[in-house]
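After this come two complexes, each holding chain A, first together with chain B and then together with chain C.
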Partner chain A sequence: MKKVDIVIIGGGPAGLAAALGAKDAGIENIIILEREQYLGGILNQCIHNGFGLHVFKEELTGPEYAARYEERVKQAKIPYLLNTMVLDITRDKKVMAVNRDGLLEIKAEAVILAMGCRERPRGAINIPGRRPVGIYAAGTAQKFVNIDGFVPGKEVVVLGSGDIGLIMARRMTFEGAAVKAVVELMPYSGGLKRNIVQCLDDFGIPLKLSHTVTQIKGGERLTGVTIARVDENLKPIPGTEEDISCDTLLLSVGLIPDNELSRNAGIALSNITGGPVVDESLQTSVEGIFACGNTLHVHDLVDFVSAESEQAGKNAAEYVRGKRPRPDGGITLSTKGGVRYAVPASIDPGNVSDKIDIRFRVSNVFKNRYVAVYFDDTRLKRHRRLILTPGEMETLTLTKAEFEKYPDARSITIALEE
Partner chain B sequence: MYDVAIVGAGVIGASVARELSRYAIKAVVLEKDSDVAMGSSKANSGLVHAGYDPVPGTLKAKYNMLGRQMFDELASQLDFPFKQNGALVIIKNEADLPALERLMVRGVTNGLRNLRIVRNNELHDLEPNLHSDACAAMLAPSAGITSPYEMVIALCENAAQNGTEFMLDCRVEGVSKEEDHFCIQTTRGIVKARIVVNAAGVHSDEINNMLSAHKMTIVPRRGEYCLLDKSEGAMVKHTIFQLPTKMGKGVLVTPTADGNLLLGPTSHDIDDKDDVSTTKDGLDEVLTQSATLLKHLPTSKIITSFSGLRSWHEEDEFIIEEAPDVPGLVNLCGIDSPGLTAAPAIGLTAAEMVVKRLGAVKKDDFEPNRKGIRPFQSMTAEQRKAAIAENPDYGQIICRCESVSKAEIIAALRSPLGVNSLDAIKRRTRAGMGRCQGGFCWMRLLHIVADECGINLMEVTKSGGQSNVLVNPNKSGFAKHTGGPADEKS
Partner chain C sequence: MEITCIACPLGCAIKVTLEGGKVVDIQGATCKRGEEYAKLECLSPKRMVTSTVTLIGSPLRRLPIKTEHPIPKSKVMDVARALLGVEINAPVSIGDIVAENICDTGVNMVATRHALAISTKNEAIN
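Our next item is the complex of A and B:
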C-alpha cells in the first residue's frame, strides 16, 4: 500500500488549486488522482472566455485558465495520475483507485475531495413523453462539440437557463444550429447576468421565463417538444401549450455535487447544497477529509473555486503537520430570510488566522436588501445590496478581530433584511 | 427453408428458441427491432410471481406455477440475475382482511404452501420503511425479481450458441401458407419455414390475423414506471403490492435485481401499439400510489421513467395453442402478467408442439450453460487485480455510476447477437444506466463502438435505425471521425 501525506481526488480546478495550496504550505508527498486523460477537468470543454477575472485580473478561456494551473502543478513537480478512477474512500483515509495498471491502494494522512459536480438528467425532472435520441445534459453536448468536434443536432431547445445552458445556446448557434428557445421554469434565470446578455440577447434567442417542457415527442429521433407557461406553484397552465419542432433538447436543470464517494465514506452531507458539511477548515465530518470546489457546493465562477480550494489545500497541510487541531464544536453558522445556505457550517475562531470567507447563495431574486451578520442576537454588520440573485454566489468575509469582539458567541447568522 | 421461424425476440420467443435449440432443427428468430427484448420484455416490473394471483384452473395459474419452478435452475444455467426476495401484499384497513385471506386461499389452491399473513409489528419489522398505516400483509416467500431484458438476452445468446439464427431489424410484413410451409415477407426478404411460432407480443394478433380466420385482438395496456437511484434500493426488501383489482395488481414498489428501487406500473388501455410515451397523469399516478405504500417517497432520487405495453387479450387469458384452422401456426398470444414468470414453461410447451409436428430429435451436443459478461463492479479486490492483469481494459472505467469497464463494453460488442447500439450495450453492461444516465460515459462509449466496429463515430446509434447520436462534425473540422478524442492540447 502506497503512503502519502495528502491524496487529492480530482484534477480539475479544485484539485489543482488544492494541490498547490498544500505544496505551498510545505507538504511534498501529495498525489492527485484524475479520471480523465488530462488535468483541468470541465474547464477543458469551456472554450468560451470569462474565466480568471478575479485570480489573474484578465479574461481567459477555460482551457487557458486550466493550463496556467496545470503548468504551476507541473513546475511544482506535484505527482498526478491520469485515467485513474477512485472507487472507494474509507473513514481511515484509505483510497482505492483503478487504472489500466491495476488496483491502487493509498493510505493518506489527509484526503481532499475535489470531484466536482454532475448534471441532473431528464429523469430527475420526470419530463413525460417518448425517449428518443437527441436529449442531452447541456454539458454532455458541450463535450461532444468542444472536445470531440461533433454536433448532436440542428434545431435546439434548451431547458433551464443555468450558465451551461446559456453558453450552449450560443455555442450551438455558432455551429449553425437554430436555437429556438431557452425555457426556464422560474421567473428568473439561474445563470449569470452577463451570460444572458452575451449568449441570448446578442443572438436574439428568446428566454421564456416561467415556462417548462411538458411533452417530448419523436420515435427514434426527437421531433419536438411541447412547452407551457407555469403558474406561481410552477405547475403548467392548461391552454398555454406551444409546440416547438426540434431534434435536440439540451437540459441545464441543475448541478449536483458529486459525492457518491463521500457518502460511502460516511461523510455527513448537506440536504441543501448536496455537498459535505464542513467546518472553518473545509474539513468534513470525517477528520482529515477536506472538501472544496463544486464537490462542496456548486460555484458560479472558477476563480472562487480556485481560492477556496487553495485554502483547503493549506488547511489540509496544516492538519497533516499537526498545526490545525480538529475543533471541539465551534460556532454554528446558520442562515435565514432568503439566504439559502452558507458554507462553512461552523467556525472555530481559533483556526481563523486573519480572516475567513463565507460563501452563500440566496433563494430568490432580491432587490435593495441588506446582508446582515449576527453574532448570537447582536448584529455585527450589514451591507446594502442593490440586487441578489440565486445564480450568483455571494461572499462575505469575517476577520479575526470581529471574532475577538464576541469571544462567547455560540452562533452566527447570515440574514437578508429590508 | 427453416424448420421453424419464431416471430418476436421477447421473453416468449426467446424461451421457445432456447428450448428448441436442444433439438436438431433449423430455427430462426425474426425480430423487428435492432436488439432482442425491445418490447414488453424490456419495460416491465421484472417480477417472478409466486402464483397466488391468477384464477385457479386458468393457463395463467398453470404456467405461472410451472414457470416459477424453472427459474432457479434457468438463472444459474444462463447466468442472469434472479433473486428470491419474497412479496408482501399489504392492506391498510382491517376490513380488507377477508379479501387478503381469499387471495391466500387462491394461492393455496394454485399449489402454494408457504403463504402466510403477517400482522402489525412483524410486518413493520420485516419492512421498516413501509407506510405506518399498513396493518397486515400476505407474505409470499417464493416471489422473486429478475432483470427481464438480461434474461431474454441470456436465453437468446444460449439459443444462438446452440445454432439458432437471429435476424434483427427484420419486421414481418406478411405471411402466407403454402402447401407444406409458410412464406414470410420481411423487411430483410422472404423467409420460408415449416412452422411459425407467433410470439409477436402486442403485434401477435396481426400475425395470427394474416393466416387464421379466427381473428384476434390484442389490446396494448400501458404501464408507466419510475426508477430510483441505487441509493434507495434498500428501501424495501420485498416486493410490496396493494390488493389486486380487475385492472391488475396496481402500482407496486420493488427493489430491482440490479439494486435500484422501481415504482409502477399504471394500467391504461391505449390504441397505438408503439406508443411507449410516459404521461404526466401516469407518472403522477405512479408517485401518488407509491406514496401510499411507503413512509417516505424520495422523489428527488428518480433517475428515469419509462413505460411498457402489456399484451392484453379480451378473455384475460394466455393463448398457447396451434391455430385451429392453420396447422403449423403456434400462437403464443395475450401473454401479459404473469407472462415473464410463465415464459420458461410456455417455451417448453410450445417447443413440444413444434417438435411433435416436426418429429425432431434432441442433439447430443446441446450446451445448456451460458456465461454473461463478468461485471467489474461485483468483483472482489483480488478478482479485480487478476482481471486487470489479464486484460488491462478491466482497469479502464467507462461508466462511473455503475463502474463498468472497457472490457465489459467490448465483451458486449463481441457478444453472440451482434449488436452495437448504446442501448444494447447498456442492457448488457449497465453502462449509462446509473444516476447520470449516460452523461459521463456516452462519448467514451461512442469511441469504443466506433473503434471496435470499425465505423465512423457518426454512425453509432442510441437504439439502431436512425437514432445516430452525432449528426455533423463541428465547423472547426478538428474531429477525428474514428479513434480517440481530438487532442485539444496540441
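Our next item is the complex of A and C:
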C-alpha cells in the first residue's frame, strides 16, 4: 500500500489551493486525486467572467482562474492523478480509488476533502406531471453546452433564479435559443444584481418573481409548462395560471455539498450546510480529515474557496508535523436572529495564530442590520450593513486579541440586530 | 433613463436625466460608485462577451473564449451570432486570438483555456 502524507480528494479550485497550502507549509509527499480528465473542477464549465477579483485583482473567466492554479500546482511539482475516482475513505485514513491501472490503495497521514458540490436532484422539487425529455439541472446543461458542445433545446424556461440559472439564460440565448422566462418562487432573486441586469434585462428575458411551475406537459419530449403566481405561503393561487410552450426546462434550485464519501467514513455532517461539521482548523469529526471548498459549504465566490482551502492545506500540514493538536472541546459557535449558519462550528483559541475568518449566510434579505458577535452574553462588537442577502456568503474576522479578552468564554453567537 | 445599479447587492433604482447627450441629473443612487456606474451605463453601456467555439483535433470539444475588452452592449448579440459555427484547430493557448476585430468592434476574441492537440500526452504527471 502506497504511503502519503496528505491525500487531497478532488482537483477543483479547493483541492489545488489546499495542495499549494500544504506544500508551502513544508509537506512534500502529497497527492491530488481527480476523477475528470482535467484539473480545475467546475470552473472549466463556468466560461463567463467575474472570477478572481479578490485573489488576482483582475476579472478572469472560470477556465482562466483554474489555469492559473493548475500552473502553480505544476510549478510546485505537486503530483496528481487524473481519471481517478475515489471510492472510499476510512476513519483510519485509507483511501481507495480506481483508474485505468486498476485499484489504488493509499494510506495517508491526513486527508483533505475537496469534492465540491452537486445540484439538488430534480426529485427534490415537487412538480406534478410526467417527466419527459428536456428537463435538466442548470449546471448539467452548462456542462452540456460549454464542455460537450451540445445545446439541449430551442425554447427554454428556467425555474429558479440562482446565478447558475441566470448565467444559463444568457448562455442559451447566445446559442440561438429563445429563453421565455425565469420563474422564481421567492419574492426576490437568489442571484447577483449584476447577473439579473446582464443576463436577463439585457435580452428582455422576463423574471417572474413569486411564481412557480405547476404543470409539466409533453409525452416523450417536453412541450410546455404551466406557471402560476404564489401567495405568501408559497402556494399557487388558482386562476393565475399561464401556459408557456418550451422544449427545455432548466432547474436552478440549489446546490448541496457532495459528501457521499464523508458519510461512509462516519464523518459528522451538518444538517443545515450539508457539509462536515468542522473546528477552527477545518478538521472534521474524524481526526486528520479536513474539508474545504464546496464540500464544506456552498460558496458563491471561488476566491473565498481558494483562501479557505489554502488554509485547510496549511492546517493539515501542521497536523501531519504534530504541530496542531486536536482541540478537546473549544468554544462552540452558534447563530441566531436571521443567521442561518456559520463555519466553523467550534474554535479552540489555542489554534488561532493571529486571526480566524468565520463564514456565514443569512436566511432572508435584510436591510440595515447590525451583524453582532457575542462571547457568552457579552457583545464583543457589531457592524452595520446596508444589505445582507442569502445569496452572498458573509465573512467576519475574530482576532487573537479578541479571544484573549474573554479567556473563559464557552460560546460565541453571531446574530443580526436592528 | 432607469438603471438598476449592479455595483453592490442593494441594487438601487437610479434615474438618470439626459439632455443633448449629457447627464444633467441623477436620482436614487445611495453612493458615489452608483452615480458613476449609472452615468457610464447611460452614455456607453459595455459588456464582456464569453462563449465557446468548436475545437478540432483536441481531447476537448469546446474552446471557451472571451472578448479581450468589453464591447458596446448593442453589439453583443451580433457577436454571439457570428461565433455560431466557428471552428478552431488545436493546439491553442490562453490569450490566442480566435477571431480578429469581431463584428467591427475593434476588439478580438481570445481563448480562455489551453487545449492540447490530440496526439499530445494528456495523462497525469507523477
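In the analysis below, the second predicted complex is superposed on the first by the 418 of 418 C-alpha atoms of A that agree within 3 Å, B and C clash if a C-alpha of one lies under 4 Å from a C-alpha of the other, contacts with A are read in each partner's own complex, and residues count from 1 in each chain.
In this section, a residue touches a chain if its C-beta (ideal position, glycine included) is under 8 Å from a C-beta of that chain, and two chains touch if they have at least 3 such contacts.
Because the structure is predicted, anything quoted here is derived from the model rather than measured.
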After the superposition on A, what does A:198 contact: first (chain B), second (chain C), both or neither? second
Looking at A:142, would you say it contacts chain B, chain C, both, or neither? Reply first, second, both or neither. neither
What is the contact status of A:174 with respect to chain B (first) and chain C (second): first, second, both, or neither? both
Go through the superposed model and pick first if A:309 touches only chain B, second if only chain C, both, or neither. neither
What is the contact status of A:49 with respect to chain B (first) and chain C (second): first, second, both, or neither? second
With the two complexes superposed on chain A, say which partner A:252 touches: chain B (first), chain C (second), both, or neither. neither
Chain C versus chain B, contacts on chain A by residue: B
Contact-wise, after the overlay, does A:284 reach chain B, chain C, both or neither (first, second, both, neither)? neither
Figure out whether A:35 sits in contact with chain B (first) or chain C (second), or with both, or with neither. first
Which partner does A:63 reach: the first (chain B), the second (chain C), both, or neither? both
Chain C-contacting residues of chain A that also contact chain B: 37, 44, 63, 83, 145-149, 174-176
Using the touch definition from the top, list the residues of chain A that touch chain B in their complex. 35, 37-38, 44, 63, 83, 85, 87, 96, 98-103, 118-119, 121-124, 126, 128-133, 136-137, 139-140, 143-154, 174-176, 214, 219-221, 236, 247, 260, 263
In the complex, the residues of chain B that touch chain A are 226-227, 231, 274, 276-280, 282-283, 300, 302-306, 381, 384-385, 388-389, 392-393, 395-397, 400-401, 403, 435-440, 442-443, 446, 457-458, 461-480, 485-486, 488-489
List the residues on chain A that touch chain C in their complex, please. 37, 44, 47-49, 59, 61-64, 67, 74, 79-84, 145-149, 173-176, 192-194, 196-198, 201-203, 367, 386-387, 389, 391-392
In the complex formed with chain A, which residues of chain C make contact? 4-6, 8-11, 30, 47-52, 54, 59-62, 64, 66, 73, 76-77, 80-81, 83-84, 94, 112-114, 122-126
